[in-house]
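My questions all concern the structure below.
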């Protein structure tokens, strides 16, 4: 699972019916050290994330899981599944 | 989900039966800043996209979803699922 | 979907039963500009492609689709699904 | 399957229901030579791994498998599936 | 499908039940020219491969296929599916 920062929205009127009524957010992937990791991607939202939130998103076939039972009808390969509160990382010995 | 620009078409007479009657477009992947990201790929079309359109496409197993209920018969790993109207990106604070 | 050039064959006598009787070809991935993209991979053949053919191949879970209804029994992650006739690319405006 | 080192935890109160009650660990991917491979990722835990453990984790669609029979409800793309005791590597001839 | 060289074994006592009784081998991915491609990975074995064998392995969701009918219970994303006898590559014209 990947860490990212919500930085915007993507709008598409003409789209696959499975995507109707779902929010598509622009997410900047981050390293867990806070550094940028590649360029922004578009991801569906399932947790009411907003611009400025730090989120966990999944990619590939798992991205359709939050839309169950209709999930085989949702054409997504990136979905936000949590808003991160904290990453705890004890000092290594 | 990825952003791309439709730049052409791919023609194949001899192909898997699941691809018969489906349009295969040539798509140049883009960063959300508009920069090119790698080289062009071939993607199936589901939204009547044309050369010059900016599109959202999905890759991997999700790419077969728009072809439901026949989707287990469609051998694709990249499919266009929306035509992008706008990417809104509020200035970061 | 990816473009490639068939450049050889891979032979394996001892293999998973799902691969028995299927041809495994050596494919050099190409950019749509004709440049090489990484090194050769092995892909199953579904369209009677031969050495010298330019082909479209799919990767990941979709690669098992052409082998339906037996597809959950075919252990492949790269399959040739079409022989390319032409890539048309209108000059950009 | 990949090798990693558990280095911390990720906390998210607001998350997809499929992730409720599951531990999300921060894992540093490693080469089998012990060198770091890219930056840390978040992975679900199935084997009670803890900070300091060397683990095997799977990614992509397989990552939901350990959560069967509820697995289509678990939105994960990285899961720890074993704690490594030893990697044996005979000297090459 | 990818080419690799079996170079060792991975031992894990505490692991996901789906992996019990299955051999986990250490595989060095190779180019079809014999050059190393990245670092070693762990892969399940289905063809009684041993250290020194040149093998074909699949990755991602397909990797569970050889374990059918129990395959949705096997948490693997890399599986050896054949022992390579020969790669034939006619000289290009």
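Some points to look at:
Each chain gets a letter, A, B, C, D and E, in the order it is written, and its residues are counted from 1.
Keep this in mind: contacts are C-beta pairs under 8 Å (C-beta built on N, C-alpha and C of every residue); 3 or more make two chains touch, one makes a residue touch a chain.
Since this is a predicted model, take the numbers as computed values, not measurements.
Any chain that touches chain A and also touches chain E is listed here: D. Under half of the residue numbers found at the chain B and chain C interface occur in both copies, marking it as a different-residue contact.
Matching the C-alpha atoms of chain C with those of chain E calls for a turn of 70 degrees, to the nearest 5.
Annotation: 31 Å between the Cα-based centres of chain C and chain D. Distance between chain A and chain B, defined via averaged C-alpha coordinates, is recorded as 19 Å.
Across the assembly, chain C contributes 60-61, 63 as residues in contact with two or more other chains. Beginning the circuit at chain D and passing next to chain E, one meets the chains as D, E, C, B, A, using touch as defined. For chain B in complex with chain A, the residues that touch the partner chain are 1-3, 31-33, 35, 37, 46-48, 56, 58-63, 65-66, 68, 71, 79, 81-90, 92-93.
Chain E meets chain D in the complex at residues 7-16, 18-19, 24, 26, 39-44, 51-52, 60-61, 63-64, 72-78.
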